[in-house]
Amino acid sequence: VRAAPAPKAIFCEKPVDLALDRARTCAEAVHAANAPCLIGFQRRYDPTFAALKARIDDGEIGTPEMLVVTSRDPGAPPVDYIKRSGGIFKDMLIHDFDVFRWILGDEAASVYATGSCLTDPAIEGAGDVDATAVTIRTRRGRLAQINTIRRAAYGYDQRFEVIGAKGMLQAGNHRPTEVVSWSSEAVAADKPEHFFLERYRAAYANEMAHFFDVLAGRATPRTSIDDGVAALALAEAATTSWREKRIVEL
Amino acid sequence: VRAAPAPKAIFCEKPVDLALDRARTCAEAVHAANAPCLIGFQRRYDPTFAALKARIDDGEIGTPEMLVVTSRDPGAPPVDYIKRSGGIFKDMLIHDFDVFRWILGDEAASVYATGSCLTDPAIEGAGDVDATAVTIRTRRGRLAQINTIRRAAYGYDQRFEVIGAKGMLQAGNHRPTEVVSWSSEAVAADKPEHFFLERYRAAYANEMAHFFDVLAGRATPRTSIDDGVAALALAEAATTSWREKRIVEL
Amino acid sequence: VRAAPAPKAIFCEKPVDLALDRARTCAEAVHAANAPCLIGFQRRYDPTFAALKARIDDGEIGTPEMLVVTSRDPGAPPVDYIKRSGGIFKDMLIHDFDVFRWILGDEAASVYATGSCLTDPAIEGAGDVDATAVTIRTRRGRLAQINTIRRAAYGYDQRFEVIGAKGMLQAGNHRPTEVVSWSSEAVAADKPEHFFLERYRAAYANEMAHFFDVLAGRATPRTSIDDGVAALALAEAATTSWREKRIVEL
Amino acid sequence: VRAAPAPKAIFCEKPVDLALDRARTCAEAVHAANAPCLIGFQRRYDPTFAALKARIDDGEIGTPEMLVVTSRDPGAPPVDYIKRSGGIFKDMLIHDFDVFRWILGDEAASVYATGSCLTDPAIEGAGDVDATAVTIRTRRGRLAQINTIRRAAYGYDQRFEVIGAKGMLQAGNHRPTEVVSWSSEAVAADKPEHFFLERYRAAYANEMAHFFDVLAGRATPRTSIDDGVAALALAEAATTSWREKRIVEL
């Protein structure tokens, strides 16, 4: 709100704000000042995810009909952080909500979210959950499911798959190396990259390069403040659905 | 109802009946006559699925916490069949509901189901859907998601994954051969086995062998009529959830 | 030699004989009597290998130019067996020599073989080796390499790959199940099928079905006694190359 | 020879020289001046290859017994380059000879090499081959096979596998993305990285970082001029084996 009219170019990590109305106020300030503003949805800049999106846009699988997102962290952040995080839907799934909008090119008509505290009672004590199951119906009747957990013993798990009339595209995890071991126990490959700093190393670099392009006037932000507000609106709807145990229409 | 008191040994494909109360009457007749009765949930006899279940029971991943089931057919049956099928939840997902109960060893507390007609308007004309997204919360707070579609261009897609505190186990598709082609286009493996007759060939053989063991008094049915009724109850709850657009408590 | 003029239909496991001249005498007897005679090179009947061969014949990779064969046993047979086996080239690699001829559709111009005793000194005591590296140049200048060892800790390893101008085709191992485990250690799939009885279960069934077709006059043997003699000739050349430390021209 | 006594730190791409005696003269000059000298065998700095080597050194598979190296280029360089390259063994396989020495930690006792011109007659016209098959026996009796071709339609193919008493370790190709496509044709992953600049991007960076460590006196060269000479000696032996059609003892 202060930077936009300064005028300053803005790079803003998610969420724009924990409160949806404040986020909308930010968006208005950005639009009023016509300020360059990039939201840090780094997944859109990941080589695997971006290649998948480009292949959808090329028509490889026809119209996307269903999306299944797997989004699991290797471990939960400290409970003190969780208390201030806005809850798992705004802190963690907001990235998945952005992926949903980007990949399907569609908006949510209804959201159903449920959650459990399965890994650490202190998270429940903080009023949050650590495992969620979300279903989104889009305006065009397409379906998306997101499954999330704060603790995957095997590392950061970031996969999704998109089904269309002509086939399916999957985005898989990245591995540190391509060593495979054949032993008397099993045939074993590396675990996925441990967490987001490793997994999205290339994405962060691409994101920064794009921001420099925006600063130089060579590009408009591919992850705009409107994307930030839209993902936050989904996170808020999911939070409501989980808390009130009902389907939320949008 | 007629076979049990005859007395005859009974092998019954799913669903036990399209009506839950009639299925319960069947179960009562079977129990009253103490008749050997096996329900054809062949997936429990599949080598991959059975190995995964045994590894869970051995504690490999700790307590199972989340389940994600992918269940996609290569194509829809004729609309005439769909009209008499009881709907996609009783016809197709009933297998997934049985897998859910078997793998998690838990019962549903609530079911949310939604669906769309994405592949053929004639299915909508028959009052059914061809794509569904189902979420189940169990009594112990665990979460399961099932995604289903009647048309997977690449064949029969039957996967699931189970997450526990110590890791994840996945059941993958089976391929006709292990040929891999490296071309100027891609590195390509076989599509999955085309449909259930190919995919569950070994499962059907194991199922029959188990039925013979039951007939010979060497075993009690691993897929009992109570399993048949329980899966049907879930299918009915899912149908209600979809039709009435609400969460169904069980 | 006795069965052919009887006349009897003949099913003969490899090698036709340990001595090349005696094997040739057998072939003459079979040809003189025009007796149906099938040599048990079961790998040609394996679904994976047969599919790969069919795709080569369809021109998928162009003319095959190079072949790399990996052929490893899970463990050595008893030394008493090894003493009477004719040596590793006639006992074990004879299958690989047949695969070489079948896949490349070409004949050897020269053979170089070397070997070592790496797993058990008793095998050296029996005058044999347990690890070999073989190179074959064909009459048309194509190249084939075979690597073999008697002890693969991870089970039976039966892979090959064929390179042509348009790409490569690989035949991979078969696994007992398609379960994959994601743990804090690794992402692990099943080891290969343990040994030939498991790995070539389908191949043996197809082979027998083909033999019945031969008996019924519906087919001529796809693995003829001439194939048996040709593979034995390669095994003998390889044995000579290894013993005399020289390249053997054919 | 001029840089070492200058004194200058030296970074030298392979081969040190096309003539083995001149390369040895260089090594003497480097040793006499005690000059820091790094040979550009970048594969030793590759994350996948280095991880595999570290796991061998940790004893994961026991003593390495056999090595199979696959080394294929996406296309041949111009014939003018080939004429001045010293031939395929000094130009292309010299990297594989270095990998052999590094991975097995052993030296060659004998080399057998054969080759063919399969992709372009102009290469034969230049006195070279474009496909080779090499076998090395080490002083301790271990076996290595290298297969090489100048034209892999699917891109740069850089794999190897090492077998020991306790299992096998494989180094696989790297892919640009982890997108997998499931279509009515196949289940298809990306081709390997196209050529060495892409495949060894991380290796080159690590190599340079190591060279800076050498310059700063924090490390001694991991790929020394002696490694450069030893790999060249193997390339020369292989060239002789191929030209004279004989096994070369070292």
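Lettered A, B, C and D in written order, each chain numbered from 1.
Quick note on the criterion: a contact is a pair of C-beta atoms (placed from the backbone, for glycine too) under 8 Å apart; a residue touches a chain by one contact, two chains touch by 3 or more.
The structure displayed is predicted, hence computed values, not measured ones.
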| item | value |
| --- | --- |
| Chain pair showing more contacts of the two, B-C and B-D | B-C |
| Most distant chain from subunit A, judged by the mean position of its C-alpha atoms | C |
| Chain centre separation (subunit A, subunit B; CA means) in Å | 31 |
| Geometric centre distance via CA averages, subunit C-subunit B, whole Å | 42 |
| Chain centre separation in whole Å, for subunit D relative to subunit B (CA means) | 52 |
| Multi-partner residues of subunit C (each touching 2 or more other chains) | 61, 152-154, 157, 166-168, 181-184 |
| Pairwise touch network: line, ring, star, complete, or other | complete |
| Footprint of subunit D on subunit C - complex, ascending | 61, 65-66, 68, 70, 72, 110, 112, 114-119, 131-133, 135, 137, 141-145, 147, 149, 151-154, 157, 163, 165-168, 245-247 |
| Partner subunit A, residues of subunit C touching it in the complex | 152-154, 157, 175, 181-192 |
| Partner subunit A, residues of subunit D touching it in the complex | 47-48, 51-52, 55, 60-61, 166-174, 176-184 |
